[in-house]
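Common to both upcoming complexes is chain A, partnered first by chain B, then by chain C.
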Partner chain A sequence: MALGLVKWARIKSPWILHFNTGACNACDIEVLAALTPRFDVERFGILLKGSPRHADVMVVTGSVTRQIRDRLVRVYEQMPEPKFVLAVGNCAATGGVFQQCYNVYEGIDKVIPVDVYVPGCPPRPEAIIYGVVKLLEKLAKS
Partner chain B sequence: MSGEYEPESIFEIPVGPQHPALKEPILLHFKIEGDIIVDVIPRPAYTHRGIEKATEARNYIQNIYLCERVCGICSFIHTLVYTQGVERLAEVEPPPRAKYIRVIVSELERIHSHALWLGVAAHELGFDTLFYYIWRDRELVMDLLELITGNRVNYAMSTVGGVRRDITDEVAHQIKKGMKIFRERLDVYTEVVEQEPTLRKRVVDVGKLSPHDAVALCAVGPTLRATGVKRDVRADDPYQAYDEIPFNVATYHTGDVLAQIVVRVLEMYEAANIIDYALDHMPGGPIRVKVPWNIAPNEVISRGEAPRGELFYYFKSNGTEKPERVKIRTPTLANIPAVRQMLLGYHIAEIPIVFASIDPCLSCTARFSFIDVKTGKSWVWDREQLRRYSLKWYGKQ
Partner chain C sequence: MAGKTSLEEAVEKLKAGIGAENVLEVKYQPPRNVFVLVKTEKLKDAVSYIMKNLNYQYVITITGVDLIKQNQMEVIYHLTDYSNTISLRVRIPRDNPKVPTITDIIPGATLYEREVHDMFGIVFEGHPNLVKLLLPDGWPEDLHPLRKDVTVQQIRERLEEERKKGVRGI
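Moving on to the complex of A and B:
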């Protein structure tokens, strides 16, 4: 009963943490655009948080650079269970245009587990919202 | 306060790399005396991806798409300065209509970038209402950019020898209509900046930079113009069609965060005027010329005024389809010494807005330097030293 209540609350208000692992900013401004009035993901109860300790979902952009790898893992470990990861953009999925650069890991799934990928360079805010809805479905099943 | 600071009274606060003022990774190491900042050591290298090296492994056309992704917010000006440089390498002149289209798209991009910054700055001040209003109106410009180029952020518009899409009369009409609505919205924001006491309390006399310091620390763009120094690549070294278009270089004299806001709002008005003028005076003709695949050995530089300041590219070709060397100097890197000066002597609570006031765009700013962990010594190598080191290292293998 209590567990069901917690799950219901989580689906109705997943709090997200936005982390840039070396993206070019394009995905980041589209994630922000998704939060602002035209697209407004706050109507799903989604709220942007500054601390990983408050977050249920980590929205990660960028092709993980060698500098940021340890910080990404540390931020991921600071999030409370259960935690979910949304990889936004081609860089986050495969390294995108930065494939074969000497300083990148070519994808977030090389470092931490990913639940939903949103492809695009950068994905449109509509695509990011679609990814978020997919993630909410996954949350409901978990 | 005067005299030397006692070592034990200084407190160190690391900010970042996750979630400082913007959403990008940077580590700012603050030294605090009470509530006052006495020193800042910025470390912006978390987004180093090795783009300059990667350009040497791709041909001139592939590099357009790579350089576009140096920075997502100023993606068009990167392709513009890149393609302008390659055209100079190949000694090809783009057709006049392409030059006008490039000016129109880069000014639309300036509006979208400044509107984005104004929203983020309002958010840093805790004025979220303004943030949401501005981002709503920014979508108007994003729609126009999508109408012209087919994409919202990375446009793939400028190419070597011209542009890839034309602006039809119907689209031109839509742009003019959009600019009219946007000017009306800008009047509202001007009124807010001039009259809203809660906003003015946070930005007047905060993060001051003197014109002398700004020039000495090589600040560029709106950060420099906010101190009253009239310097703009568009006016000083006109590129594309800027020498045929009349416009004012917006400046303001106070040098604080308010001046940065005023300069950017004025630049949005100017950009809207430039777009209208360019649409009225756009010549006909082709939008693209052919450029040879292999480019003879040559060496050029290319500059442009990005929304954040002067963007600089250096090129060296070697007769093949790939460049020998591409060097990129982005405006945020030039502004980092200035923002350090702006932060000194202010309170901890003012860190976010002062740091955000230079419009930091760190994805382009990462550089390589060495730090010896044992002795704490740091140094930077130039290309020749790196080359010698690599030869020595491989010689041992």
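Moving on to the complex of A and C:
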């Protein structure tokens, strides 16, 4: 009963943490556009948090550089269970144009588990919202 | 006016300034660029001559080239007066890549020299703080990603080995 309530609350209001692992800022701007009044995902209860300790979903943009890898894992470990990861953009999904570089990993899934991938360079805010909706569906089934 | 004539004048003055026998090769890259190969021991003289006597104000960047077939490395100093560019080249042996620093003439070259040191392992003698600039914290000191004898695959394998040894930040 209590668990069901928690799950209901989580689906109705997922709190997200936005983390840039080396993106060019394009994906970050699209994520911000989704959060701010033009698209306004806050009306669905999706709220940006500043601390990983308060977040349910980590929205990661950018290819994972070697420099940021340990920081990413650390931030991911600080999030409370159950936690979910949304990879926004081609770089986050596969490394994108930086695939054969000596200093990047080919996608976030080489470092931490990813639940939903949103392709695009950068993806439109609609696509990011659609990705979040897919994530919530997955969450509802869990 | 900017153009080839004033660049040619600049090269003639440079030859007179540091001695024509120390200028090994001159190659014009129209319309506003010239590549000048000088002897390594005359590099600092050439840089200070260009900056002081020819009134060039600014170093655009410093780049390195790994000439693996000749077993040499090249460092190129791109100097400009905001209309023309003189690119000073020096050749150094690949197994002992050392050049004197130019940071005492141009303090702004500090970061460029550190970058070239990161990427090619070229040692700039006399540099005040020749430590890692762009590469990640745990990067091995003897691994230089833009050298031609190392592939991306080899770099990745080496970094995985280092991680297994407990090095973090790569």
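In this section, the second predicted complex is superposed on the first by the 142 of 142 C-alpha atoms of A that agree within 3 Å, B and C clash if a C-alpha of one lies under 4 Å from a C-alpha of the other, contacts with A are read in each partner's own complex, and residues count from 1 in each chain.
By our rule, a contact is a pair of C-beta atoms (placed from the backbone, for glycine too) under 8 Å apart; a residue touches a chain by one contact, two chains touch by 3 or more.
Predicted, not measured: the structure shown is a model, and the values here were computed from it.
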* In the superposed model, does chain B or chain C contact more residues of chain A? -> B
* To do: Considering only the touch criterion stated at the top, classify A:G4 as touching first (chain B), second (chain C), both, or neither.
  => neither
* Asked: Counting only touches as set out at the top, which of chain B and chain C does A:D70 meet: first, second, both, neither?
  -> second
* To do: Look at A:D28 in the shared chain and tell me whether it touches chain B only, chain C only, both, or neither; answer first, second, both or neither.
  => first
* In the superposed arrangement, which partner chain does A:C121 touch: chain B (first), chain C (second), both, or neither? -> first
* To do: Check the residue A:C101 against both partner chains and state whether it touches chain B (first), chain C (second), both, or neither.
  => both
* Contact residues of chain A, present in both the chain B and the chain C interface -> 65, 67, 100-103
* **Interface residues, chain B side, partner chain A - complex** => 17-19, 23-25, 45-51, 53-54, 57, 65-66, 69-73, 75, 116, 119, 131-132, 135-136, 139, 142, 152-154, 361, 363, 366
* Structure fact -> Contacts from chain A onto chain C in the complex sit at residues 65-67, 69-70, 100-103
* Asked: In the complex of these two chains, what residues of chain C are touching chain A?
  -> 135-137, 139, 145, 152, 155-156, 159, 168-170
* **chain B contact footprint on chain A (complex, rising order)** => 18-33, 36-38, 50-52, 62-63, 65, 67-68, 71, 75, 96-98, 100-104, 121-122, 124
